[in-house]
Amino acid sequence: MEHLEFDYDGTGAKPARAFALAGVVGSGNLEVLIEAADLGGRCAAVVDTSVRGYGETWRQVLADFFARHAMSDVRVSINDGGATPAVVSLRLDQAAAEIKDASA
Amino acid sequence: MRVARHSFYEATARRRVDGLLDQNSFREFCGPAARIVSPHLPALGMPVAFDDGVVVGEGTIDGRKVLIAAQEGGFMGGAVGEVHGAKITGLLERAADVKPEAVVLLLDTGGVRLHEANAGLVAMGEIQRAALSARHAGVPVIVAIGGKNGCYGGMSIVARSCDWIIASEEGRLSISGPEVIETVEGIEEFDAQDRALVWRTMGAKHRRLIGEIDALVADDMGAFRSAILNFVGRPRPLDLDALEAEHAMLSRRLERFWDCADGRDVWARLGINDPAAVPALDADSFNGLVGALEGGRS
Amino acid sequence: MLEKADAPRRWDTLERSYRARIERGAAFADGKIVRRDETERFLEAVIEPGDRVCIEGNNQKHADFLAAALSKTSVEAIHDLHIVQSNIALPPHLDVFERGTARRLDFCYAGPQGLRMARLVAEGKIEVGAIHTYLELYSRYFCDLTPHVSFVAADAADADGNLYTGPNTEDTPAIVEATAFKSGVLIAQVNRIVDKVPRVDVPGDWVSFVVEAPKPHYIEPIFTRDPAVITEVQVLMAMMVIRGIYEKYGVTRLNHGIGFDTAAIELILPTYAEDLGLKGKICRYMSVNPCPTLIPAIESGFVESIHCAGSELGMEAYTAARSDVFFIGRDGSMRSNRIFCQLAGHYSDLFIGSTLQIDLEGNSSTATLSRITGFGGAPNFGSESRARRHGSEAWLKAGREQRLSGEMPRGRKLVVQIVETFGDGMSPTFVERLDAWELQKTFDMPLPPVMVYGDDLTHLVTEEGIANLLLCDTMEERAQAIRGVAGYTPVGMKRDREMVARLREKGAVQYAEDLGVDKRLATRDLLAARSIKDLVAWSGGLYDPPSRFRNW
Amino acid sequence: MSEAASAMDRVLVELFGEDHGVVRDAATLTGVARFDGRAVTVVGTADRAVIGADVALRLARAVLDAMRDEPGRPILVVVDNAGHRLSRRDELMANNGCIAHLTRCLDAARRRGHRVVGLVHDLAVSGGFMATGLSTDLCYALPGSEVRVMAPAAMARVTKIPLDRLEELSAVNPVLGPGVENFIRVGGLEGVWDGDLMAHFREALSRPLDGADMRRALGESRGGRSAAARVAAAVRAGAAA
């Protein structure tokens, strides 16, 4: 396992909901827990992954994610079973869509 | 055609809970944000899940209060570890306290999580005892099986200790997985690749025909919901007479079918004219057949 | 001159050899029917050392009994054979090299035997003539690699040797034609001998001998893709293909690869493409095996006609009941033919398939280190058809996009590769240099084993988007367009973001939003069938999947 | 009679005397013995039996008989098995249903005031332990016996964790490896009966119990299962976190 932590500038509104979860931890899959957190406007990400040595890729995938979804005061926590960046981005987008959804 | 069907099989544990309960009625206990994860997996270099692979909480189904647990088959095959098991046990114990109209267990599991084997096995015993305690408190416990993993290992014993079992025809209910039997006893005993054989031996249709489960439904969220609703608020007796009746039923089964080599032989002996056609029947036709058999018996 | 006068040239040596072989073989046969338990001695009688021998080994149907028998013959009697067969699939195919029965090999595809093949080549037990494509090898049967003896597999034969191949005709016609008309010995392995075959696929007078095998020939359901394992990412890519390529060019005639990526496309035709109003406008005529995942597209009226290279296990009753769509004999069962299917696919508007590695020129390969596999038919399907002269909307539009220098207008075949940026075990699909170069060195090949050449490729589809190489004017643009869809692979991370932005402006790189693809729809709910059972339902119960694919 | 079987017989003799009245039918043990002047129903298996559907029903019958014959009569469950039977026929008959029936009978006996005591002799494996020992009020093991979910080599194969690593981890984490000691620590076993068996049995019969499942608390206090009690309590309380 490898533990990674990242920190990004916040750019948009605080999320509508307290938290949202997308995905399931499994081979080639991951779960993304996204939560409102008091981070002084910043965004943070914590990754626990079963595949070592992809820190730079995670940094970039998450940077692109936060650039795509303007958010602030958000913490993303990931348990990863070796998902490809495509699947990671998909789950991140699903989680973001849900936490931004004020309807429920 | 039949595209818009809302599949139970396809859904994650969370989607199953959402799909079965009244909208926005679900309140989760010890949810993912609480991060109650397995204390054992990290030492083995395995990723954890924030809910340890089971969702537990309360909500309503058609306005009737239920407690519900849903195993996530995608995480470690739905296997029961220490935390996972304790969540289900706690939920069943709560049932005895708060007396909902039912506890619903959506099981999707290979059994004990080997990575925390001893805790998982003892947890099975605890889950079973808690399920029986809930029943003694008058709360019916309803099991639904329709995920990728079926319901295997100790949880198959738990399932048969509950009041009602509902399964889709994708469902399987058995103590040993076919692969285990093949590995230990050889391919002559069980060819695990022969999936038609697997379903004829352990699948929901066979289980329905021999009286191991109470309802067979299509793989559809609405069908599961209706079947569950049918059993909400309907506890089954758990007294000595009920145990004797069960004993008589099981003994009769072994007497009648012990020499059968295949599910088809059992079905033929049950009076089904074309046993080979059973696997291809859809849920409605199959239930029609079951109805005709039971009608013929009474 | 004098020598010639002394020994006048004979012009029927092959014919005389044929007669001698038949006479020797007849000792082990009753009429044309070989006594099964004497098969090995029979083979020793008809085969001579150094012969070119073809063992029918298709994608699916295999002359497996004869292949096994050959691998048990005496090496003293039979040795140094030159095997000329398309598919090396079964252990006996290589046993004959291991033990010295055969030495030289010309083939197309080695799939699961690739690792052992590599070992035997390294040990000098196999001399590889060449790794061909299907059409190349069949062509050489009629040129310089004509078999002396061929084993074919058929479903049934009568006493006269008339053969019924059933739906899996595959390579049989090519092998039979080349062998029978060049004085070769044609031996058929059949599942059963009958009084009258359902239809004559091979006339009896072309067939020298028939052996009834102890059990039906080996057949593998290699074209069955279980919809249950199609991922959301594959659905997303399928959506992009439909919008960005099929709809854009109006592709009606095409060939699909057989992976999960193309299965996903097939399975969203009745949903996504239907909603886009594309029925009757795309995917009407296909050259492909009867993949079960095509059933919903056929049933919903998208795909109108399919010619098949071979059949697929479990699809027999379905194809037979859809004679408007498939090519069906008077007996009611399907007829396939790999050559014609390959040709039809070659001259269609589009090929789409998957690969393991792509470089910055767009060359792609499925070859991996330590294995020798070959590519079968993909290179034939996946190449520009330069001899094409007829126009079609898709072909002409692609040609206009390519803007070749000079005045002469010309069409262009669409050759598409569909891949995820990372493959199994996080291995990047995009590489600066293909493993194929290394493989060439290791096995001393004349060329690196490339499946589809970069200059044949027109589009590259990943989960990131589509690179349209027709719109790239320079090799640098082409490389950046490829980097632009290569995602987070090292190749993709090295993209020149400004240049990719410019390529995006001119449409050479398109992302989902540029294509009008709503990513939120990219779920498995879009699949017309999400399980094998759904496919059975779509087929009205006609599709009978092999047991291993069932979950009921 | 095998060595293990004679060892089993010695245990029965030590507890109930020479004429203990426990009868063996194949691998099944049933009978009514006397202990301190009162009747005790003995059910169980011997010789590392595999629990098939038929075996489960035979044992269940004996438990049902005990409930019918004498309310409150103690039941000793002798546990010696290699797990449930791995066969197509047993699965066809739904072995899980038959084992569930056995466990429900044991559970019913407990709730009806029969003290149900388990005693692992030699071996208890996975489903076989669940069928028997885990359905008792109190379950003990004899010295030298073993309880496990799966043999370590098989476990290494299934979990894809190298055997040596698995054994290394088992040494420090009682949830992982086989052994009576580990099962005691996770609360699956009450303890080991060494020395005076009669004294141990007498204590087990007379121990005041309120019917609550104490195994998690035991696991917690013995440091073998630290999370279960807390998590179950939180869920029972309906806690969000």
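Lettered A, B, C and D in written order, each chain numbered from 1.
The rule is short, and it goes like this: contacts are C-beta pairs under 8 Å (C-beta built on N, C-alpha and C of every residue); 3 or more make two chains touch, one makes a residue touch a chain.
Since we're looking at a predicted model, the values are computed, not measured.
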Highest-count interface - the chain pair sharing the most C-beta contacts: B-D
Most distant chain from chain B by Cα centroid: C
Centre-most chain [mean C-alpha coordinates]: B
Gap in Å, rounded to a whole number, between the CA centres of chain D and chain A: 46
Chain C and chain D, separation of their C-alpha mean positions in angstrom: 59
Distance between the centres, which are taken as Cα means, of chain C and chain A, whole angstrom: 42
Chain A and chain B, separation of their C-alpha mean positions in angstrom: 33
Of all residues in chain A, the ones touching two or more other chains: none
Touching two or more other chains - residues of chain D: none
Those chain pairs that satisfy the touch definition: A-B, A-C, B-C, B-D
For the chain B and chain D complex, residues of the former touching the latter: 27-31, 33-34, 36, 39-40, 43-44, 56, 58, 82-83, 85-87, 89-91, 93-94, 97-98, 112, 114-126, 128-130, 132, 136, 153-154, 156-161, 173-176, 180-181, 184-185, 189-190, 201-202, 206-207, 210, 212, 238, 240, 243-244, 246-247, 250-251, 253-254, 257-258, 260-263, 266
Complex contact set, residues of chain C against chain B: 270-271, 296, 299-300, 524, 528, 530-531, 533-534, 536-538, 541, 547-552
Residues of chain A touching chain B in the complex: 1, 18-19, 21, 24-26, 29, 31, 33, 35, 48-50, 77, 79-81, 104
Chain B residues within the chain A interface of the complex: 12, 14, 24, 32-33, 35, 42, 45-51, 72, 74-76
In the complex with chain A, residue positions of chain C that touch it: 231-233, 236, 420-422, 425-426, 463-464, 487-488, 493, 519-520, 522
